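There are two complexes below, and they share subunit A, which is joined by subunit B in the first and by subunit C in the second.
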Partner chain A sequence: MQPDSSTGLNGKGQDLKIVSLISIGQHPASGRARRAEQDGRAVELGMTLAASSSTQNLTVLHAGDSQQAALRSYAGMGLESVRVLQLRESADAVKTLSEYLHKHAPDIILTGVRAESGESSGMMPYLLGESLGWPVVSRIADIVSIKEGVAEILQALPRGQRRALTVRLPFIASVDNAAPEPRQSAFGPANRAFMEQQQCHSEPDTARNGWSIVSARKRPKRLKIVKAKTAADRFKAATAKPQGAGGKIMKNQPAAEQAQAIFDLLLEEGVLR
Partner chain B sequence: MVFEWLHPVLIATALLLAAIGAVRRVNLWRAGQAESVDFVAGLIAMPGRYLHDLHDIVERDKYMSKTHAATGGGFVLSLAMIVLVHLLGLESQILAWALLVSLTLMFVGAVFVFKRRLNPPSRLSKGPWMRLPKSLLAFSGAFFILTLPMAGVLPEGFLSSSTGGWILTAVLTVFIAMGLSEMLLGMTWGGPMKHAFAGALHLAFHRRPERFGGGRSTGLKPVALDQRVLGVQKPEDFKWNQLLGFDACVQCGKCEAVCPAFAAGQPLNPKKLIQDMVVGMAGGSDADYAGSPYPGKEIGQANGGPLLTITEGLIDPQTLWSCTTCRACVEECPMMIEHVDAIVDMRRFLTMEKGSTPNKGAEVLDNLIATDNPNGHAPNSRTNWAADQNLPLLSDVKETDVIFWVSDGAFDMRSQRILRAFVKLLKAANVDFAVLGAEELDSGDVARRLGDDATFQSLAKRNIATLSQYKFKRIVTTDPHAYHCLRNEYADFAEGIADDLFDNIEVLHHTTFLNQLVQAGKLKLNPYKGGTVTYHDPCYLGRYNGEYEAPRELLRSLGIEIAEMERSGFRSRCCGGGGGAPITDIPGERRIADMRMEDVQTTGAELIAVGCQQCTAMLEGVVEPRPQVKDIAEILIESLVEPLAKELH
Partner chain C sequence: MSDDHYSEILRRDPRAERIARNRLHALHVAVSVGGQATEVRGPSGLLRKNPHTVGFTGPNGIKRIDRLKGNAVAIKNGRRNAPGSQEALLPLHVIAEPAFTIVVVPDMVGGRLTAHDKDVLGQAHKLARAIEADSNETGVVMVVAFGVCKEENFDKAGVDRLLLLDSAEYEGYCPEQQIAALAQVEVRFKPKYWLFPDSVHGGTDLGSRLAARLGERPVAQAWQVDTKISICRGAGGSVDITRATPRLLMLAEECANPIDESRHEVLPVAWESIPVVSPQLLDKGQVAVDPNAIPLAEAEFILSAGNGINNWDQFHTIAAALGATEGASRVAVDDGYMPRFRQVGASGTWVTARVYLAVGISGAIQHMQGIGQCDKVVTINTDAGCDMVKRADLSVIGDSETVLGELLSLIEMFRQQPHQSQNSVSNSVKNAVENGAKEGAENAA
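Up next, the complex of A and B:
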């Protein structure tokens, strides 16, 4: 879907500035470095948005090692350059990234939901949101339009459902697998793209120092016993994502009551103490 | 007397204009990229190439070869003598008589051209080509009469002595002008006779001179990966002698008649493709093209120029992606034009610069890059098929007689049956063999045909590096595509890794190797007990590697009398599985595999013997009822006299 291009503007009358964050992916079968699937989608979405605005203002940004060959597979999508904040392996990417983003103040930051390698905690968008003080929209499938500083977004829900959201710029969005597939990476442009290296101040990730890393073990899966009568039921049971039991939907209650319910739940789950 | 100088002036003018046209035409070719050619050797070899190689192909159509020899030979001789007699005014009765004879020869030839053109088959182009026989007749007839006085048959001055003579002369002059403009101007200014001029030079400066004298040159040329633009974007990106080759086309449509994609109604016609290349090189539109279109596409919409991107306006990318790279067109082309090279060159641009490989293309290429196999399977699952086979691994044994190159059939359950059958035969014949196991990577065939030469080169170099670690005498594979890559394409990349690796080893297809074993008595076979059998020649075994005989000899050694299809041997019709065509999957009106199955059915065969896992998959994809499809290795094990266990050791 082409976003509404009548206003590639951010409401301040300036051109939209978009940053797509990319990481080094990892192929599930071979373990080889590659273009990460979700980050590729973040670049794709960024490119589509940039193409529909008057000036192409997309920065594709990586914090890490500019020599990584996998970065070129993003460039092969047709990028002239990839900006790399040169970091040592032990460094904390979040700090460096948020400093950079704070300074350059883009309107939209697109990331994957979680990285395919490294810690792969999926925390990056939230940590960035926290440090920039911006809203985070998780798992988006598309950005439909941007008008006067407000973006209309489709968020991906399980089983192909979508939720329409409007979000004021600037914001951070993580891009779901439901977003359009990234375009093919071509060898020629990939090979010729400029790796725009920026030396920057980095701090070691102190939290990680204390961790010991072991390879994952497969946990035994609980067998799901399906008592379905019809084929449709069986299909549903096989494809449905588990939905949390309990919970309630509050739509018409006053906002204070809704907020209280969320607060209580967070207390109950021990998220807030 | 006005006519004394009129005809010489006409001839001289025509020659001069032809020369100017020639310079302009040569400049069109020179716009292409540099390619080193041995000019002198080429020119010296040219007549021989014309008389043997080209004529051997024309000879497949006896009518046309005789016609062409008479017309073409007559014309060349006549032209030389016309210059002597009519332009330079050499007075010799003998020469004049010789000229009369050669003009007669040409005239007779032209009559046959005329006859063929009365009801031309659809593969022939019409338009100016319909005019050609008349021009040939006009040229030879008019000069014949003009020469009569010099031969002493008619009195000297006959043509200007009377009113009748004057009228005759005027008429003759019109015919001469018509003949000269077709034969001389047309030759260099783009008429049908262009094929003679460009064709002669094309034979001399052919990009694959190895093809002459019965040789074979089928491996694609490597791309230099550090170029400004990878692949061919605009006509000027072709090598200059490729451009020259396009100009040599006679629009005979032999290629069109055999093209499986054309027959299937996919938007490809190799003849039109070559003509579009000419349009691109010279600039303009295809409106003047008078042959069959790309199926489903109108003529007159395409525009191009030497500096314009071909796939934006001149050729629809779908046309390029329809090709199965079966080489049937190249094999039939009397002008020895290289369609497949051109198509892959343009695909290279689409894949490596534009990133627009259609359908599953991008996914397959990504998988090849990330997992070294087209379906994205875990690399170490490559040996799973052989878990029960107890195959020696080269990483253990280090040295062997035969490397069995398993290829990607390892991941496919149907192909695994072929692999097992072949292993059983190897064991029965006591062959000292080993496999590379997980060290083996995809051969790169599909990546290369899809235009991704970067990935192909990476796979090739890594495979070569693996091979170079071991000592062995031959590589044998059941996959003709891997066979072609290993045998004809890898040597270009061995430099610096294992320089003379490919000089010291043999690469064989399993049918060739099995045939050697059978002929040497290493495999004992019972006679085949079954119905009629036909054999389908895989393109990459037959046309690409010239192996037509071994599979047939193997079948004969089982006592099978092969019920040959009309299109077999070098004329075999593709199964539709080559060139990445099943991956790009360009829609047509019919499926190529269905058409091949119809070929099979006309023989009444109950079993199709094949020598390729891809052909097997394509032919088995045809809906039943249909004959059974089996690889020759599978047919052999059914008849194998199993050696006693103790004989094995």
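Up next, the complex of A and C:
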């Protein structure tokens, strides 16, 4: 979606520095490395923002192994380069990233909500926010406008709802699945893109040493426990239809009164906005 | 053979048996098998019941034997109590001087505890019992609830202490203020554990923020937790990570069973003032979205049409006016009035709406299955005896067209009144949402 020019993102003399953080995704069925769903959306949102601002100033940043083929699928979205902070697999990416971001001081950092590989605790944006001292906006669906250093953001809520937020730059945002889908990745540009490697000193993540990681077990289904003490109660629990405990029935009232009752209930439940 | 084995052998006492048989014997009452005992071990080892000692005299003076083990409706003075007499009071779980605190921060969607919240509370009590068994210290489960609270059954959900923060600064989306409050809780109570539901309703957000603030490394999507080890999902749900239990946990759904066999005190926690932070994130309120762009399965408010609808234009108008997602019964879809993807029920979509307004739907069993998870069901119907009326919380018996017409005029009156949530959102946001909704609808089609 293109923001309209009147409220658009390109305020005069505004050069936004945007960083989209990407990770290696994992296909849920095959387990193959791929472009992560939410990170792809973060890149897409970053590209949309950069395209509407005067200078193309989007950095797509990955901390990890630059040889990963899946990084090329991000580059195939039309990026000239992907910057990679070279880290060992056991390294903790947060510290390296926060040092890099502190040095380069972008205006907006976009990430996914949760990685598709590794611990996938979803803590990355919060840890970066804490170490940089920036506000964190979780689960955004869109950035509507940026005016005078204040961004107007749509946050995705459950049940397809949206909330409007404003936040002053700079900030970190995690991008929800409700954001616009990432564009297609093309093979040629993906191969031509340049991988800017940057050697970083890294500290190993020692806390993970004690963990044991196995493929996910199926979770036991919760049993319906019937606590009836007698046969009669058990029979009732097994056969009785669950019924709304005697709803209110309005039979002979005039239609206006009936409609008023429905209206009051809707208002009380807060579904009329 | 061991002594134990001998003790298991039933030994007959022929003398006692003889006295028990002879009702004229001087010792009969004392020794008798039928004394006062209802059940005695017979000579062959079988349990024997003495029917003369059980039962009571019924209302007509006839002796009755109660085979419901005292669970039948209590009878006093030959009169039955009114059906549905009050339920038995669960035992109250009292802890006067807690040695430790476990803090739970529930989602409280719509001001009430969700099923997920109750699971997390159950997990909190499981952890408290485990610590009790290890160290003989008793602790309490404290709930920190933000914003408007409509919950009435905190005691049955397992809340020992309640810190309710409902002043004006906690209204709407205010994670920074909430974290400031939780940081104060951390300083004052030093909780043994922090538990959050790992949910999209805000539990994950708040838990992650607090973990970053406290410098804890939390578990996310934890589904099996004890005091030493927790198992959580990692790598997008494809692996299980087993690790030592940290202080801050974000728990998956159904991590533990909710509390159901005790009541709890729900003592309010006295609280001095919490500093009001100046937030960097400003909540501008919820934005109106096109209700028909929301997938039916996750829509919050559904207006559903069935065979009883004649005026379809009116139905679409009122759905738009209410801001409700449209649904339909199978008949309406088969007759071609609504598209197939709007069908609610077993062969259509299983909906989870909070409020379901059914117009002209009698409630076939397939349809009732589809709305099983709905909270409030309202129906407009001509037949007072149909299944939908039995299920509904509010049933209106009458002609749907007239009632809907009246409802429409009420809504139009309501919309004309200026109210708060509409004017706070700028036009650009509305445009963006409308565009997004259109795209969503195109994708769906």
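Following the convention adopted for this analysis, the second predicted complex is superposed on the first by the 208 of 273 C-alpha atoms of A that agree within 3 Å, B and C clash if a C-alpha of one lies under 4 Å from a C-alpha of the other, contacts with A are read in each partner's own complex, and residues count from 1 in each chain.
FYI, a residue touches a chain if its C-beta (ideal position, glycine included) is under 8 Å from a C-beta of that chain, and two chains touch if they have at least 3 such contacts.
What you see is a predicted model, and the numbers here were worked out from it, not measured in a lab.
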* Identify the partner contact of A:Pro204: answer first if only subunit B is touched, second if only subunit C is, both if each is, neither if none is. => neither
* To do: Considering only touches as defined above, state whether A:Gly188 meets subunit B (first), subunit C (second), both or neither.
  => first
* To do: Classify the contacts of A:Ser117 with the two partner chains as first (subunit B alone), second (subunit C alone), both, or neither.
  => second
* To do: Between subunit B and subunit C, point out the one touching more subunit A residues.
  => C
* Return first, second, both or neither, reflecting whether A:Val167 touches subunit B, subunit C, both chains, or no partner chain. => second
* Asked: Which partner does A:Ser145 contact after superposing on A: first (subunit B), second (subunit C), both, neither?
  -> second
* For A:Gln260, select first, second, both or neither according to whether it touches subunit B, subunit C, the two together, or no partner. => second
* If you stack the two complexes on chain A, which partner ends up touching A:Arg34: first (subunit B), second (subunit C), both, or neither? -> first
* Structure fact -> In the complex, the residues of subunit C that touch subunit A are 68-69, 71, 110, 173, 176, 200-201, 204-205, 208-209, 211-213, 217-220, 223, 233-244, 254, 257, 260, 280-289, 293-295, 298-301, 322-324, 354-355, 357, 375-378, 380, 384, 389-399, 402-407, 410-411, 414, 421-422, 425-429, 431-433, 435-436, 439
* Asked: Any idea which subunit A residues touch subunit C in the complex?
  -> 1, 3-4, 6-7, 26, 28, 31, 114-123, 126-127, 129-130, 135-139, 141-142, 144-145, 152, 154-155, 157-168, 171, 180, 207, 210-217, 219, 222, 227, 229-230, 232-233, 243-244, 247-251, 255-256, 258-263, 265-267, 269-273
* Structure fact -> In the complex, the residues of subunit A that touch subunit B are 27, 29-30, 32, 34, 73, 76-78, 183-189, 191
* Structure fact -> Counting only contacts in the complex, subunit B reaches subunit A at residues 225, 229-230, 351-357, 361-362, 365-366, 369-372, 376-379, 452, 454-455
